[in-house]
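Taking it in order: structure first as structure tokens, then the write-up.
All chains are identified by letter, namely A, B and C, in their written order; residue positions are counted from 1 within each chain.
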């Protein structure tokens, strides 16, 4: 039984598989006329969002509401948060309100860890800076399992700005825990220094996307931000796109069954071309739908057991 | 339950002590033994179980006009194979195939805080659904009644049956809700400190019903009623 | 001052038990003192007497952040840590970049009277790294500034650094460099390596320190000036210093207690009490720093005592201010990391924490073993005591010690500043 989900490292293999299994049951209820479950009736779930992320916020809201929890959303805009109230004072407020769980999105790595030290409820990391986004990794694993039948033994390329990507970090941890092989691909400037030594078993690094693609079951494209170019991580968007973007030519290098994933929002024409993003191999839309089921499963797991 | 509300005074139909051959004297099963890794007194043997399921199938046929317009929904874990067995017996006796399904109630329980989260089982409703049909919920043990309460809620979220009935292998008493079964394999008076454990071939590799005292054996996997994983 | 003290039976580093008679601020007799008339006797059996400790690197926060520390509270923490002199860094508000500000700090120190507070002057106006501050005016002020530092910021412009090194030769000054190439540490949060990669915190690469040290030792050698390197934190820096010293260049260096004890692994829980600049490094760096201190490649231990208000630490890692308390725990950490493993004896401790820093800072009253006629700046230490660090019991106004809950060896029993006790029985006299 885990109390918080701060990092994908918090999940051992059995717990992770348990979440995916429960998510599958949750997904089954999404097709019903009555989608709501009474499971978390009377519980309070707070979405504490210090960053704009409509898609993640809505996904957490939908998940909590489907489980009949009372949902309160604090976003940085229009609350005391933007007026400079400290995270600690906000935490004390949430504690006083009796929040059973807080899903926090924050630009600073480790903010969820701090919050977990200040409140008695469960904390879910909904993305902290360049650290982790564990529910994204869970929904990605869920998507792989539903498309390809299993996660163990898959070879997954995670391509792009690994250095600044919380999605990459969480996926690296979770997918290797689940027995997948992970290849991190990107320009050396966007891969953390010394990462080779820190990689879990089953993970490796490559700078050559074309060489990696033919042996991949999954290719996960990461969003690359324009600021990185200004900071000299790469010379130009055009060069980035040529070396690390997924276009139709590169997609043809993939095995027949391989799928293309993207956590969104996409920069069409930079890390992924429109033909690829809209192709049958692309799971972008499913990933969004699966997000709700996975977050329901996580809320159930964290909240079910601790009153 | 739909049926009960209309007939509150009627006693549920079930095998009484007189007609259950295995119940001549509880004392004959007093010795403690270990079955399939579970230690406890054997209350029902495999042969007893076979006879009880046969009888329950007959009772269902009697009470449902030959099992017409009827669906059996087993509550995981052991209600599922029980439902399948009842369906098989009904088919053997009457030649009628009764649709069988699974109804997981985990997400509808009211005791998550007390007992913690557990794995969520599948819910599988027969193809033709349950609307306007008679649904018989099947479970292994009826205890507090909370599982059945959860099952009724779950049922109402997936359809609208014309009638809901309840079949249980063992009714051990100690109800906490106004719920009773329409078909009872065996009434078994117990103390709260005891724990009833139904073992089925499909799940446990052996057929038996055991009675264990809580915490008398740390290895038994059978503990007090509050934390018992599936005691109803 | 007419008080007389007799310390009986204290052990000098490397020597046997001895008595020390102190009168009118100076030591008057050392050896077997028979005549204790009029003296208050301190039974120092089993205690070690050290020359009063000298800290080259203290942030006292006054003026500007008196909610985090004042000259008086910092002085008290220093005295309790066995210090008789501390050098107060210039990054106050206003910055100590004029004769007026350094004199103010110096006077505040004298008024508190618990340790000698020797102000450090800023190298550049406002620590902005653009224009030299009036170094000469600070040197000739009442504060007699000899150490100049933009600590907290690196003097990054090589030309400006060269000028500063040259300029202070006129009054035997020294530039204490905070070695951090700013273009390599934009947004940096912790040591760059495996742990930063895992935690998603922007890395502070060792090379950002080493590149500046390499440049500055070359500059110091070129213009034959005195250079002091603040808070050395990497094994690579040690190698550069070793090389520079082999050339005979006038380069000294300090290491902080926390860099001798703690590693980057402490960052894992994101508690900003472990956020410090330069950051906590790897275990290999810690080992190299200990070895360098033992060999004298690193000359001294300096605390980089950096008090911070609660709100500046009880927050997200990235928003927290870097720095740790150090004055009250420094000696214990040095004993734990250097004496207990056998890397340094007590005489070595006296060198690294008193005699050499006093010499670097030009504090002629400090860093002397008790001898007739010498100012009685002394510290008595119980080497067998063990102390559990309780943040709420520290004298600092702030609570940001990284050692909370740790059991550390030894305890300062008494501190004498010019013959008067500032600490007795382990408690501040006032």
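Quick note on the criterion: a residue touches a chain if its C-beta (ideal position, glycine included) is under 8 Å from a C-beta of that chain, and two chains touch if they have at least 3 such contacts.
Note that this is a predicted model, so its numbers are computed, not measured.
> Hey, which chain ends up farthest from chain A, C-alpha centres compared?
C
> Please find which chain has its CA centre nearest to the centre of all protein CA atoms in view.
Centre-most chain by C-alpha means: A.
> How many angstrom between the C-alpha centroids of chain C and chain B?
Chain centroid spacing, chain B to chain C, equals 75 Å.
> Just the number, please: Cα centre separation of chain A and chain C in whole Å.
Averaging C-alpha atoms per chain gives centres 45 Å apart.
> How many angstrom lie between the centres of chain A and chain B, each centre taken as the mean Cα position?
42
> Can you list the chain C residues touching chain A in their complex?
For this pair, the touching residues of chain C are 189, 192-203, 205, 269-271, 311, 314-319.
> In their shared complex, at which residues does chain B touch chain A?
104, 107-109, 112-123, 153, 157-158
> Give every residue of chain A touching chain B within the complex, in rising order.
1, 18, 21-22, 25-26, 28-29, 32, 34, 36-39, 67, 300-301, 303-307
> In their complex, what parts of chain A are in touch with chain C?
86-88, 106-111, 113-114, 117, 128-132, 166, 169, 192-195, 197-198
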